[in-house]
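Next come two complexes, and both contain chain A; in the first it sits with chain B, in the second with chain C.
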Partner chain A sequence: MKTLTATPPAAAPSVTRNNEADRKAIGLYLAMAIALNLGLYAAGIWRPLAGFAIAASFILLVLICERAGRMVPARSRKGYERLLAFGFPALVLALWQVAGDIGLINPTWFPQPSRILGGLWDMIVRYDKFSGTSLIGRPWLIPEYFGKDGWHGVWALLSESHVLATLSRVLCGFLLGAIPGILLGVVMGVNQTVRLMLDTTLSAIYVLPKIAIFPIVMLMFADPFGEGPKILVVALAVFILMTINTMAGVRGIDRVYLMAGRNYGANGWQMMRHVIIPGAMPVIFAGLRIALGTAMIVVISVEFVRAKQGVGYITFYYWEVLNPEKMYAGLLVVMMLGIFLTYLLQWLQRRAMPWTR
Partner chain B sequence: MAPRDSAGNLEMNHTAPNSQPGAKISARNVSKIYDTADGSIVALDDFSLDVQEGEFVCIVGPSGCGKSTFLRMLAGLEDISFGSIDIRPGEDPAKPLNSVVFQEYAIFPWKTVIENVAFGLQMRGVNEATRHEIARMWLDRVGLGKFAGYYPQQISGGMKQRVSIIRALANDPEVLLMDEPLGALDAQTRVVLQDELMRIWEETRKTVVYITHSLDEAVFLGDRVILMSAQPGRKLATFNIDLPRPRTIDTMNTPRFAEYRAEIWAMLSREVTRAMEQQQ
Partner chain C sequence: MFVKILKKAIAIPLAFMLGLGTIASHAEDVAPLDPPQTVKFAYVPIMKFASAYVADARGLFTKYGLNVEFERVKSGTEAIAFLDQGTVDVGGIAIVASLWSAWSRGLNMPIIAPGALDPLKDGPTVLLVRKDLKESGAITSVSDLKGKRVASAGGPGSGGEYQISKALESAGLTIRDVEMINVGNADMPAALDAKSVDAAMTGSPFSDQAIKAGTADVLAKDMTPGLMTVAFVASGKFISERPEAAKRFVLALAEATQMMQGEDYLSPENVAGYLKHTATTEEALKKGIPVVYDPAFKIPVAGLADIERVHRENGRTEYEDPIDITKVVNETFTNEAAMALGLAR
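Right, the complex of A and B next:
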């Protein structure tokens, strides 16, 4: 505070002059962008040169934003950053919408955002009588079904949902793979013999695309179309990743913490609980984050290939019946699922590692 | 050198036959040899040391002279190749024989300050109320009372090392082993902590083995300063520091202090040069 009041008054005008220069530059860049695009359009060559025009406009936009960023006072900096982070995607969506509306891009292959949202809405409210499925299980019917059949009715409603089918596969597979993976990873991190015996094999399996083992997993089950193989293939993918990550996490613990634990009298179990597990926690959570992404890839691919229900299944189904809006809507749902699960994981991480807050 | 069969055995509960009576720590002809793919390296060669109860012994020497290795062997964290180390247990058998204050900030980042201080007690099964009471007493003593619930990353380097020191003191060990505890601190914080350490030591009079790079620190803190040679580490000389206690920062400005410092430096500088030549 003191230093601020002590600053010579000469600093103030120089700040205004800077702003003036930035404002001029922004005006210039804006004029250039408009002139470039209008000029090309008027000359009738905008369309063949679209790639160039878009790239040049983007560069000019970046220059404008950088100048504008300098004018933002420090206390509104966060808001400005948020505006860039969310404003630019919004701008792209808006341009996509307009480009589709005026026929600049073919809406049959690249349906505008409004049509995708319409498709999504249609998927949410529609019940497919033939397959007996709906996107989110028609939650607005819960009171009615509960009155008719009790919990059985509610269960019947929920089990028709594509989203819940995918979600439960991911969550079951994730838990089934992550817990044993972390346990084995800790053992391999602590014990050199086990590590030497298993590391080669795990590294070899690690590079295998996880979906490639799906046929083998199907062989193991009496009902290859059931939930078993789908959950197991997710679990295997997560297991391998978590074993390798947890092992790296345990191995990466600073030796001084292990020495301190030992010197202060920790026995085997106490070492595990107070030193090794918390010490490896940051890497374990980084691993869980990667494993979540992999689990999504695997479950969607499996649903492409062999499923009668699930978000991957409907996305693929709408390709078969050539309905691009709903294909995009399906991807949107996958994206939202991924974001939801990532947030869930981050919440869990904050609970498990309060010291990183 | 002692026979091969004594390799790696830390017989802490026995008093070696040829050790001085009453010595709290007696290290006899201790050697450390690392076997590497390129042959063996002698880190410590035939090193003996007796430390009396309540004595503050500082060990100085050039980098890589094996002084930290020796301390880890005292702590039972490293195998002994030859020789023996004994720490005489006190009356209370439940008390830990030694606690180490490590070179870096070895307090656990995932535990709060008070949990860190109470860690040793927790490992020994002391109930939460008692161990937190003891930890709180130590935190108040070094002026960290209001940081009890903080995590290490929220406090400064000087505070972290205070926590590390009182973690060892709260554990109430027979001997305190300190491995360059102030080495990572800036010069000013270091002087403040040296002073604080001296104050606490005057009150507790623990048996201390203190490893340091700094001659000032060694002369200021120690009853005795052991000078070690460059690799392989051997004992070069012992200096009895006959400065009156309690010592404060002003002690460092006395002519006696400067004389000790100059005397030890004359020998140490030769070793430092030799160590640097070895590394080239």
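Right, the complex of A and C next:
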């Protein structure tokens, strides 16, 4: 280990020289970025040229990070990459905050991150007595409600949550759409007749904006304003996507694997279990990831127009009553749900496809 | 209060309306802007902003050196953002909860001219109840709506919610006592027919459709007689940077209002304006009870306080103390217009 990390004596001056050059370049780019922005600001033209100033500053920042990256020792590389991944969004948020504070952007319509976080906190801790809802269902009251009414009390508490309302619609719709979608996709992948019969129809339905067919879906239910239509429209979107993706995944399996399976004497079920499903799995999971994102988009759009509970509803509600901080906070919750669901799917993927680890 | 104002307004002698010649001569004192200025007007395409449509159809904006660009918006909230940013100069919008929130946040966008007033009697907006529920005796009065599903267009804090609140208030109920459902006006007849809702607040021609189909009956009407629920709201930037344009815009509206009184309401020039800027039909215009345009062109401040109170009590605003109504109304331009046109007030 020691020999690996030791620097060859002959290379040391060259590394030092390179570091020196990188340091100088970083200093130069930094000075250019500051001079550019200060110059435009002093000339009173920063605001009209804001797009140019931001783009130029971003390019200079990329150059600075490139140079800084060269100076980072190998053992610190991971930390540096993490810094870039989280540091850049943090920098954008900090600049947004400052721009709002000094009036460069209109804080009424583009409230600073601190105000959005304040709004989010208020939404988390606040129980709306008018609608009987809260953002996450006040989980800190679970012991108290459990003590009073047992599980019934806990359920009553959690059912007031906008987040759980949205998550339950997404997960129900996702499962209802993904499972038959994958099954039909496999059938279409292996059977040409079924594929020819359904492919055109599915392609046609795929491009329909699901929110546009929502009123028709509502007509199919005895209670058009209940949960049924919302879940079905999500399931429909997921089903179409998963069918098309799975079919593509099955058809994309290398013929060598199919031939090998047959040569080993695998019957239909064995081919399916050991060759076709595992072979299509990467594409299926890629499809699931897209379908999950689509499910979120569809459910949020539906909640915008036809719901009394849910993150989409609460986001649009705060726009309707002109509370932009909380509207942004709602969007933030949507993004966090997206991240959560994506990580959940990745975890599932690692479980289902251990060979990809 | 606003009923009184309206009665007074309507009682203004016919001579007032016939005196258009005098009006024209006074108005000629106001020179057109040279070169003409562009005014961006964002509006919800409903008949309650018909004075603007008439001013456009009759060339009144052009007469005062204004090039008014009409931009349709879906809701008042959409227009509020543009008004605050100054990308829209005037908004023809409903006085909804978001507008009160905007004012409470100190956004500078005062009401500069009145929209239409609801008719005193037989107004176009009615509270419908499903016929089967009425005939079975399940719902015979507004108080029977407790726990029932009531549809309104526009969602939380909207004009529709305000109207339902007023209807429920008459029976000692609030919107928390019913299940409010947001349904588009065009979907109301179908929702009643499918028994998805028990009652619905809607206007002509959708109310007529449901009644004609035999699926609904009127439960309550004239919830807000004589009340102004919409207004012309100006961007603070517009009135501070281009007050001359604002003055002429309001003057054109005032002059158009004079041309909409009595039988003139359905004159071919006016109808052309209505049809151009809304989705209404000539038949609907002739059949329906027209909304009222106060010839005295006053902004009815008293009624505004009631709208503010209802939205606040419904929990649609973040603030809790009443807003000072006089701070959200700028009567400078309506007063100038009245003087220029010699209006009796």
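The rule is simple: the second predicted complex is superposed on the first by the 343 of 357 C-alpha atoms of A that agree within 3 Å, B and C clash if a C-alpha of one lies under 4 Å from a C-alpha of the other, contacts with A are read in each partner's own complex, and residues count from 1 in each chain.
Please note the rule applied: contacts are C-beta pairs under 8 Å (C-beta built on N, C-alpha and C of every residue); 3 or more make two chains touch, one makes a residue touch a chain.
Computed from a predicted model, the values in this text were never measured in an experiment.
Chemist: Do chain B and chain C fit side by side on chain A in the superposed arrangement, or is it a clash?
Modeler: Overlaying the two complexes on chain A (C-alpha atoms) leaves chain C and chain B fitting together cleanly.
Chemist: Could you say whether A:305 touches chain B, chain C, both of them, or neither, answering first, second, both or neither?
Modeler: Second partner only, chain C.
Chemist: In the overlay, answer first, second, both or neither for which of chain B and chain C A:108 touches.
Modeler: Only chain C is touched by A:108; chain B is not.
Chemist: Regarding the shared-chain residue A:152, is it in contact with chain B (first), chain C (second), both, or neither?
Modeler: Touch partners of A:152: none, neither chain B nor chain C.
Chemist: With the two complexes superposed on chain A, say which partner A:321 touches: chain B (first), chain C (second), both, or neither.
Modeler: In the superposition, A:321 contacts chain C only.
Chemist: Could you read off the angle at the CA centre of chain A, spanning the centres of chain B and chain C, to the nearest 10°?
Modeler: It is 140 degrees after superposition, to the nearest 10.
Chemist: After the superposition on A, what does A:126 contact: first (chain B), second (chain C), both or neither?
Modeler: neither
Chemist: Once chain A of both complexes is superposed, is A:265 in touch with chain B (first), chain C (second), both, or neither?
Modeler: A:265: touches chain B, not chain C.
Chemist: Which partner chains sit in contact with A:223 here, chain B, chain C, both or neither? Use first/second/both/neither.
Modeler: second
Chemist: Closest Cα approach between chain B and chain C after superposing, in Å?
Modeler: 51
Chemist: Which residues form the common part of the chain A surface touched by chain B and by chain C?
Modeler: none
Chemist: Which of the residues in chain A come into contact with chain B in the complex?
Modeler: Against chain B, chain A makes touches at 254, 256-257, 259-260, 262-267, 270, 274-275, 278-279, 281, 353-355.
Chemist: Which chain A residues qualify as touching chain C in the complex?
Modeler: It is residues 106, 108-109, 128-130, 215, 219, 223-225, 305-306, 308, 316-317, 319-323 of chain A that touch chain C.
Chemist: Mind listing the chain B positions that touch chain A in their complex?
Modeler: Contacts found on chain B: 72, 75-77, 96, 98-100, 102-104, 106-112, 119-120, 122-124, 151-153, 167, 171.
Chemist: Which of the residues in chain C come into contact with chain A in the complex?
Modeler: By the definition above, chain C touches chain A via 75, 77, 80-81, 84-85, 97-99, 101-102, 105, 107, 149, 155-158, 176, 180-182, 187, 191, 194, 196, 314-318.
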